[in-house]
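One chain, subunit A, appears in both complexes that follow, with subunit B as partner in the first and subunit C in the second.
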Partner chain A sequence: MPAINVELRNVTKRFGDFVAVDNVSLQIEEGEFFSLLGPSGCGKTTNLRMIAGFELPSEGEIYLKGQPVGQLPPFKRNVNTVFQNYALFPHMTVGENVGFGLEMKKLSKADIAKRVDETLELVRLPNLGARKPRQLSGGQQQRVALARAVVNRPAVLLLDEPLSALDLKLRKTMQFELKELQRQLGITFIFVTHDQEEAMTMSDRIAVMDHGHVLQVGAPTNIYEQPNSRFVADFIGETNFLPCKVTHRDNGLATVVVGDKIKMQAACEANVSTGDDASLIIRPEKITISTGQNNNENGNTVLPGQVVEKVYIGTDTRFAVKLEDGSVLNVRHQNMSMDDPLTHVNNHENVFISWQTIAARVLTA
Partner chain B sequence: MTVQHAQEGSLTRPTTTDTYYPPQKAGSLLLTWGKRLLWANMIFSFIFLYAPILVLVVFSFNDSRFAAKWEGFTFKWYGELLSNDAIISAFWNSIVVAVLSTIIATLLGTMTAIAMERFRFPFRKTYDGILYLPVIVPDIVMGIALLAFFALALDWINTALALPSDSALRPGLTTVIIAHVAFNISFVAIVVRTSLRDFNKALEEAAQDLGANEWITFRRVTLPLIMPGILGGALLAFTLSLDDFVITFFTTGPGGTTLPIDVFGRIRRTISPEINAISTLMLMMSIVLVIASQTLQRRRE
Partner chain C sequence: MGKRRSLYLSFLLGPGAFWLLMFFVVPSLLVVVYSFMERSSSGGVIWNVSLEAYAKLFTFDPESLFVNDFVVIFLRSFWWAVLTTVACLLIGYPLAFYIAQQKPTARMILLFMVMIPFWTNFLVRTYAWKFILNNNGLINTVLSSLGMQRIPLINTPTAVLIGLVYGSLPFMVLPLYASIEKFDYTLVEAGQDLGANYFRIFTRVFLPLTMPGVAAGCILVFIPAVGQYVVPTILGGGKVAMLGNILAQQFGAALNWPFGSAIAVVFMILLMAGVLIYFAVEREEEAV
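For the complex of A and B:
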């Protein structure tokens, strides 16, 4: 069991009447790549700024390696930040920027020079120490910001949407490099992003936030496959929602009725009980569409429907299928070949859709 | 991204050649007349602005007591200037007043600007408005106000300390310096505030994040980055102090004669070529200061 590196215990932050972070508790493990994910204004950046020390919590406590640090100023915390727009000192050279933290720790000039060089090498910017930040490209500035933070060997590295200013291609490269750097250094990374794909590909665990609350914490597969709320299901990936009523539940499986007509079973969250009005969620790629009723095996849910829309997008085709009760489900069908009968399905044709029963989940509405 | 830009470029270029029409006769005629008028206007403006100054400079080298007629080239008025003790002492007074009031006003003005920009305190808005007052209030009002204030304050001090009349405090160079500090603080504070407003606060957070306390953050990050603003403010204060007449006139006393006051005293008697010479020297100083400030700003970029 890895040690807990950072812990937030019942942390609340208020700005006047506005509650930015509402009673958040989180435990982040040693060496973990942890993401705070959510839409803008959800409190993820405030959370990060409280760990850094730029904001002090209104209530609750923050622990760093077991020590309470919540009320300490930033310069007394063994934590470093990579800022959104890098915040490199424009009047200092790259070398001076990277060496600033070591200088504050009163290391000798020779030691500083050595570690600055090593770190610039690490972020693949050797021999640029004498340049001024404005002489560098966005991607290079990003690496300098990274070097300036990791050179201090902090207990935790905080990254505030560090890739948002880069273009798509560079962002992909940097995602890979960041992950690689984290693996090499073994430092805990806390990464703030609003980009769900970025969070999914990089993180060991993700905390999904909305309106100051942490809704779900878990590994990317866990967050994607077993969202515990409508918000998480909707924010991460694409999802179909069907309003339904729970008629029976046992052992994590619920029986529901959709639109007073269609009865089906689905996996079920613990907080759902019989008689509840709930939502059934099913991801478009988990639905199989076919012209005949040939997926009728055990453990599958099979429903008849009618194609109301068909959009071809190369890798796959998107169908909108209307069910008996009038609700419409989006379905993704991977294009296998031109012989695929579904390639020739037209609007208003009757089809069957099916999914593994446990791929659909029932959540409280 | 770059590919897209290149395509855009190659697409738009032929379009512009398609819609390009050769200039038409009437249009081009109008254009040349318009241009000529603009040129004439510019030349006239320059003459209007600089002709008097040019006359002043030229006549400071005129070998004649009377300013109206050119009698030949000479440096003698500059020579006489240098041997005129009253002028030299007034010049040094001006320099002392300008240097001291600039230093004090820059320190106080910078601190005021930082306080106004960074801290929240009661009546901040009111104080903010009051800060701009010396910039708007006419010099004469400011001068009279300071005169009344000094009369009251000096009287109060003299009475409180029971100073005999021969050693009592009187208006002089010190009151002039205080008066100049009073109006210069506003100008410095305004200039420094502008550079603080443009300042990226994340830089201060970054410094603190890297282990610098508030003071080191200020000294290593904030101060160097707002320095051009501070120097700009200081230069403005120095120039304003150097050529101030009205406020100095009301607040000065024995031993507090600055160059503008001295020049004014001379003009009342007669317009001598020496005054032209002093003015030319002051003009030179202003030019040097302007060049210095421009160089500073260029170095900042």
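For the complex of A and C:
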């Protein structure tokens, strides 16, 4: 098992009456790309700022390589940050910016120059050391900010929505480069973002936060396929929610009734018990839609329905299908060819939808 | 098109240009011209070109060098203006910093308080200081009622310096506030993050980035301080003259307008050179 690099133990941060981070415990492993994901105001940035030392926790302790650092000022922590607006020193050259941390550590001029050059090379900005930050493009400034942080070889690199100011295409490139850089350096990255796709693409593990709480921590597949709460299911990707009542549960499987009419089985979270009012979730791309009842094999849930809306968007067609009880499910159907019978399905036509029973999950409501 | 544009420009620039011409360019040229004329013993000048005034200015009389003559007054004015500027900077920087940290309402009130003295005539305010510093004034009354020795303040260099610092402080605080207020505090966090303690953040990040305010404040304080007339006259009692006094004396009692003009011209050139050098250095740094 890899060593724990950063640990938050029962950390709470209050600003006056407002609780920004509420009793959060996290363990981040050595060399991990870890994302804090959530909507604005969920406490993800406050968490990051407490690890950096810009905010001190009201309660709890933060450990860096096993040492408590929660009350240390930022300049005494072996942690570096890439700021959202880059926060480059405008009066210094790129080289002076990148060398600033080493200068503070009182390295010799020759050593500083050497490491600055190496690092600028690493972020693919060689020969730009003499420029001022304002003479660079947004993407270049981003790389300088990155170089200025990693040149210090920190135990952890903290990144506060570093890509949010870049345009979409550049952002995609930088996502790839960041991931590559992290792999090369082997430094633990803690990445704050509100962009679920960004977090999914880059992270080894993600912590989903809302209202100061960490709701779920796991690998991207884990978060996407097995969300443990309505919030996580809703925040990550697109999901259908069906309110239901649990009539029976048996190990990982529950039997539920949707809309007092439709009985079905689904995978089930541990905290759901018989008699609960719950939510059944199923992702649109996991539902198969067909004109005939031909998916009726074992382990599948098959339901009749009626098409109420159909939108062709090129790669797929999106259907809204109304079930017997009146609830509506969104379905994504990949367009295979023009011969696909579903290409010719019209509104109000009857269809069958089906999914693997364990693809649907029952969560507390 | 061209005509309309020139009309537009003369509308925007006309009044200001007229003002500068009438009240700055013409008087300045007049002073320069006067300095090259012959002295008229009844005041004014005789319209004959002469270098007499400059000759007098640049002839060093070893016997009178350390008495109340031009060189001493020049050096004293310069030195006191430097002291005033430094004192204003040392008082003004923390003050401006403090004001910039406050919530918007508190800021407004504090800035207002910095500017309130402008509502009263400077002469009146300087007379108020005379009352405070007098031998029977506020400070000495308090001292003697506490059983302590009275200290002579009025008509001493200390009194003049107090008056100079007092009068100049707002001109230091306002430009400093303007540049400190613009400062981006995430740069402080960036500095801390990179291992800089508060002292090094101040010297390497905060001070360099608020330097334009420091420079503007210093220029606004230094230049008027060098030529001060009111403060040394009232609080120095004529015993500790500055450049302003010597000018007043030459144009007044001594009735030597060319000499007074020559002093003014030389000083103007020195100050202008200083400011130009400053801007040249600044621009060079910008260009890197």
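Convention: the second predicted complex is superposed on the first by the 365 of 365 C-alpha atoms of A that agree within 3 Å, B and C clash if a C-alpha of one lies under 4 Å from a C-alpha of the other, contacts with A are read in each partner's own complex, and residues count from 1 in each chain.
Methods note: a contact is a pair of C-beta atoms (placed from the backbone, for glycine too) under 8 Å apart; a residue touches a chain by one contact, two chains touch by 3 or more.
From a predicted model like this one, the values you see are computed outputs, not experimental measurements.
Engineer: With everything superposed onto subunit A, say whether subunit B and subunit C fit together or clash.
Structural biologist: Clash - subunit B and subunit C, as placed by superposing on subunit A, overlap.
Engineer: Figure out whether A:Met104 sits in contact with subunit B (first) or subunit C (second), or with both, or with neither.
Structural biologist: both
Engineer: Is A:Asp167 touching anything from subunit B or subunit C once the two structures are fitted on A? First, second, both or neither.
Structural biologist: Only subunit B; A:Asp167 stays clear of subunit C.
Engineer: Report for A:Tyr312: first if it touches subunit B alone, second if subunit C alone, otherwise both or neither.
Structural biologist: neither
Engineer: According to the stated criteria, A:Phe15 is in contact with first (subunit B), second (subunit C), both, or neither; which is it?
Structural biologist: Touch partners of A:Phe15: none, neither subunit B nor subunit C.
Engineer: Looking at the overlay, what does A:Lys132 touch: subunit B (first), subunit C (second), both, or neither?
Structural biologist: After superposition on chain A, A:Lys132 lies in contact with subunit C alone.
Engineer: If you stack the two complexes on chain A, which partner ends up touching A:Phe176: first (subunit B), second (subunit C), both, or neither?
Structural biologist: Touch status of A:Phe176: no partner.
Engineer: Looking at A:His91, would you say it contacts subunit B, subunit C, both, or neither? Reply first, second, both or neither.
Structural biologist: Touch status of A:His91: both partners.
Engineer: Which residues would you name on subunit A as touching subunit B in one complex and subunit C in the other?
Structural biologist: Residues 52-54, 73-75, 79-81, 83, 85, 87-91, 100-101, 104-105, 148-149, 152, which sit in both footprints.
Engineer: Using the touch definition up top, name the residues of subunit B that touch subunit A in the complex.
Structural biologist: It is residues 1, 200, 202-203, 205-213, 216, 220-221, 224-225 of subunit B that touch subunit A.
Engineer: Sort out for me which residues of subunit A touch subunit C in the complex.
Structural biologist: Of all residues in subunit A, those touching subunit C are 52-54, 73-75, 79-81, 83, 85, 87-91, 93, 100-101, 104-105, 130, 132, 148-149, 152.
Engineer: Quick check: in the complex, which residue numbers of subunit A touch subunit B?
Structural biologist: 52-54, 73-75, 79-81, 83-85, 87-91, 100-101, 104-105, 148-149, 152, 167
Engineer: Contact residues on subunit C for subunit A in the complex?
Structural biologist: Touch residues, subunit C against subunit A: 184, 186-187, 189-197, 200, 204-205, 208-209, 288.
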